[in-house]
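What follows is chain A paired twice: with chain B in the first complex and chain C in the second.
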Partner chain A sequence: MLETITMYLEYPFVINALIVGVLIALCSSLLGVTLVLKRFSLIGDGLAHVAFGALCVATVLHMANKMLLTLPITVICAILILRGGQNAKIRGDAVIAMISVGSLAFGYLIMNVFASSANLSGDVCSTLFGSTSILTLTEQEVWLSVILSILMVAAFVLFYNKIFAVTFDEDFARAARLNVDFYNLMISIVIAIIIVLSMNLVGSLLISAFIIFPALSAMKLFKTFRAVTICSVILSVVCAFIGIAISILGGTPVGSTIVAVDALTFGLCFAVNKFGGVAA
Partner chain B sequence: MTLITCDNVALGYGSRVVVDGLNFTVDEGDYLCIIGENGAGKSTLVKTLLGLQKPLRGKILLNGLNAGDIGYLSQQTAIQKDFPASVNEIVLSGCLARKKFLPFYSAQDKEIAATNMERLGVQSLADRSFAELSGGQQQRVLLARALCAAKKILLLDEPVAALDPEATADMYKIISQLNQDGITIIMISHDVNEAIGRAKHVLRLGKKIFYGTSEDYHA
Partner chain C sequence: MRKFFAAMIVCTMIMFTGIGRAAAVDIDLTKMSSTMIYSTVFNIVTTPKNFVGKTMRMHGEYTIYPITDTETIHACLVRDAAGCCSQGIEFRLINGNYPSGTCDITVVGTLAIMNVDGKDVCYMINASLE
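Presenting the complex of A and B:
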């Protein structure tokens, strides 16, 4: 077992996959706590479906860099969903459901009608459940994700106290002259970016599990915001690492394996909370 | 000294006027109780006093205060029921109002938070989880947070809405005590009798607006 792992670790593509996978896990879990607490758990799911739809359009258009279309569309939808949440005419959850199901259907329809690929269902499946492209990362892409992750963590630490205030009590934050709308907007935009970037790893159907599982597990173990945030990052990173390792050793799909590990961890945390008493 | 002057103000959304011809003043050390039925414009008035909304007509003058200097005790939301946050984290967040661009809390902020927790008798709960506290304790914590933001005036939005009778009496006692210590209080309330008994002035919103001393209101 150990020998196999050391052997695999000698391949640079394995190291790259581990680095990028762990970084994505770290970034997605940072905002996960806020999203879960603000009852926005489904926003990740909705946006991932939007990203899928946009990706289908980009594929049909034969765009060289699909990110150029996927990223702006997803960010715009993130803003729209957030506006919908504030506007009481259509409830927030209904807007998310509409946008997410709609873009899923249109994406698949467009692929079906216009696609020239011989292996259509294979293409769709890998977009939905993650492809193996995490194993073919270039050095450039690895550096890009390292830099983006550092920026993300730095921004989170700088705004941590404000994110807490905005999450806990929007009314009070407004009264204290915090620009609540700006922070909500930034949170949705960052989530949209993370989703588009990590779609390659876990696929669009599983991405929201990446965002919410670590937060939910951490909330079972700890009762203060700081402890929950730190714990969810650690859980997310460890689960991603274990998941990628298992998938390389066992040849299982990367995304589903990580989510399965996340889900098992949640079960464990739930049991600890239920039977073992809660840490402070 | 007069802190807030409300001069012939109309409140509402867009073209819908909820309250019209509103005149009142809040002096330093005052205890103003605002009552009125649902839809009479209480929460619109709160938003306007906090500077989150502009009056349709008329003027609200703040004397020696910025809108952010008003300590606000907001109504509790469903989100807070299972929110993982310690008492300390919540009270400290009240200090955000006085920091413009600094990202972290200073030693002075922590001292202000500690002083206010002590003032409201929640310092022993500092590391406890907010969600596990009783309703009365939670309101004390949120009041401590409001005090961190406030220099001299508190705006309390239905402070006893979800409390049992004992905690309600306790809360009113705390508010009176703060008022005696020199903090100006504006309180929105449903609980007409009890609330007015302690207030110095009463503002009733509705078809017939009343503003005057609480003695006059009973007369």
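Presenting the complex of A and C:
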């Protein structure tokens, strides 16, 4: 076993996968708690479908770095979804459903009509379930992921108090003269970045689980926002690392293995909460 | 009892000296998991310059791609863990005795690059079937 691990670690793409995987897990879990508390869990799912549609367009255009197109389109849709949520004529959940399903349909349609790849179902399957995407990253994608992850963590640390206020009580935040709309917009943009980064790790269909499970697991163990966020980060990073290691050693698809480890961890935390109580 | 110990000593020698083992190679895909096999082949195909000169052993499906009436590509295909994606590497046997039809093969060779339409393409030279 140790010999096999040592042999695998000699390959740079394995090291890259572990670095990017851990960074994405860290970023997604940071905002996972905010998303769950603000009942924005489904935005992740909707934006993942948007990112899939954008990725299909980038594939058809033969773009070397698909993230350059996927990222701005997903960010724009995140803003549209947020504004749609504020519009009384179209409710937030309807906007999410409309944009996500539309993007999914148009993406697959474009891939089918204009695709040059001989293995269309393979490309779609890989994008939806992230079977080995994290192990096939280019050097550019690795650096882009590292830079975006650093920016994300810096933004979260810098605006921690504001995010905390906006997450729990928007009315109180408004009374305290915080620009709630701006911070909601910032949260949406950051979510969009996380979604695009996470697509490489778990695929677009499994992103929601990757963002929400660590937060829910942490909420079963702790009560305060800070403790839940820290625990969520630790659980997410550990689960991502274990998931990638299992998939590399056992030959299982990376995305679903990570989500399975996340789900098992949630089961464990649920049991601890049920029989051991919750820490303050 | 003596025969048992003699057999044990011979087995131990075989294990530690490598007698009876397949020849050592730089990249042995036959010892890797399906996720690693697919990822390694994908990286070889996309960044061939990083792997030039390395010896490799791979097990996969033998496939033939006719290019012209006289020219044919002989490749070994591997699939990813989900079974939906596949990657292949062309190989050129030293003896030229290619299998007659599609079948599972284990091929050993040295990775090299050729330029096709301005693009680097990886393939295996001095290959042999095991």
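The rule we apply is simple: the second predicted complex is superposed on the first by the 260 of 280 C-alpha atoms of A that agree within 3 Å, B and C clash if a C-alpha of one lies under 4 Å from a C-alpha of the other, contacts with A are read in each partner's own complex, and residues count from 1 in each chain.
Note that a contact is a pair of C-beta atoms (placed from the backbone, for glycine too) under 8 Å apart; a residue touches a chain by one contact, two chains touch by 3 or more.
Not measured: the values here are computed from a predicted model.
**Q** Just chain B (first), just chain C (second), both, or neither: which does A:Ala105 touch?
**A** After superposing on A, A:Ala105 lies clear of both chain B and chain C.
**Q** A:Leu249 contacts which: chain B (first), chain C (second), both, neither?
**A** Only chain C is touched by A:Leu249; chain B is not.
**Q** Once the shared chain is lined up, is A:Phe129 touching chain B (first), chain C (second), both, or neither of them?
**A** Second partner only.
**Q** Name the contact category of A:Ile150: first (chain B only), second (chain C only), both, or neither.
**A** A:Ile150 contacts neither chain B nor chain C.
**Q** Please indicate which partner A:Thr138 is in contact with in the superposed arrangement: first for chain B, second for chain C, both, or neither.
**A** In the superposition, A:Thr138 touches chain C alone.
**Q** Mind working out whether A:Tyr160 is in touch with chain B, chain C, both or neither, as first, second, both or neither?
**A** Only chain B; A:Tyr160 stays clear of chain C.
**Q** Answer with first, second, both or neither: which of chain B and chain C does A:Tyr8 touch in the superposed model?
**A** It touches chain C, and chain B stays clear.
**Q** Quick check on the complex: what are the chain A residues that touch chain B?
**A** Within the complex, chain A contacts chain B at residues 37-39, 157-162, 164-165, 167-169, 171-178, 219, 222-228, 280.
**Q** Give the list of chain B residues in touch with chain A in this complex.
**A** Counting only chain B, the residues touching chain A are 50, 52, 67-68, 70, 72, 74-75, 77, 79-80, 82-86, 89-90, 92-94, 96-97, 103-105, 127, 129, 131-132, 145-146, 149, 155.
**Q** Once bound in the complex, which stretches of chain C touch chain A?
**A** Result: residues 31-36, 38-40, 42-43, 46, 80-82, 84-86 of chain C touch chain A.
**Q** For a test of understanding, state which residues of chain A touch chain C in their complex under the given definition.
**A** Touching chain C: residues 4, 7-8, 11, 13-14, 119, 121-123, 125-126, 129, 131-132, 135-136, 138, 247-254 of chain A.
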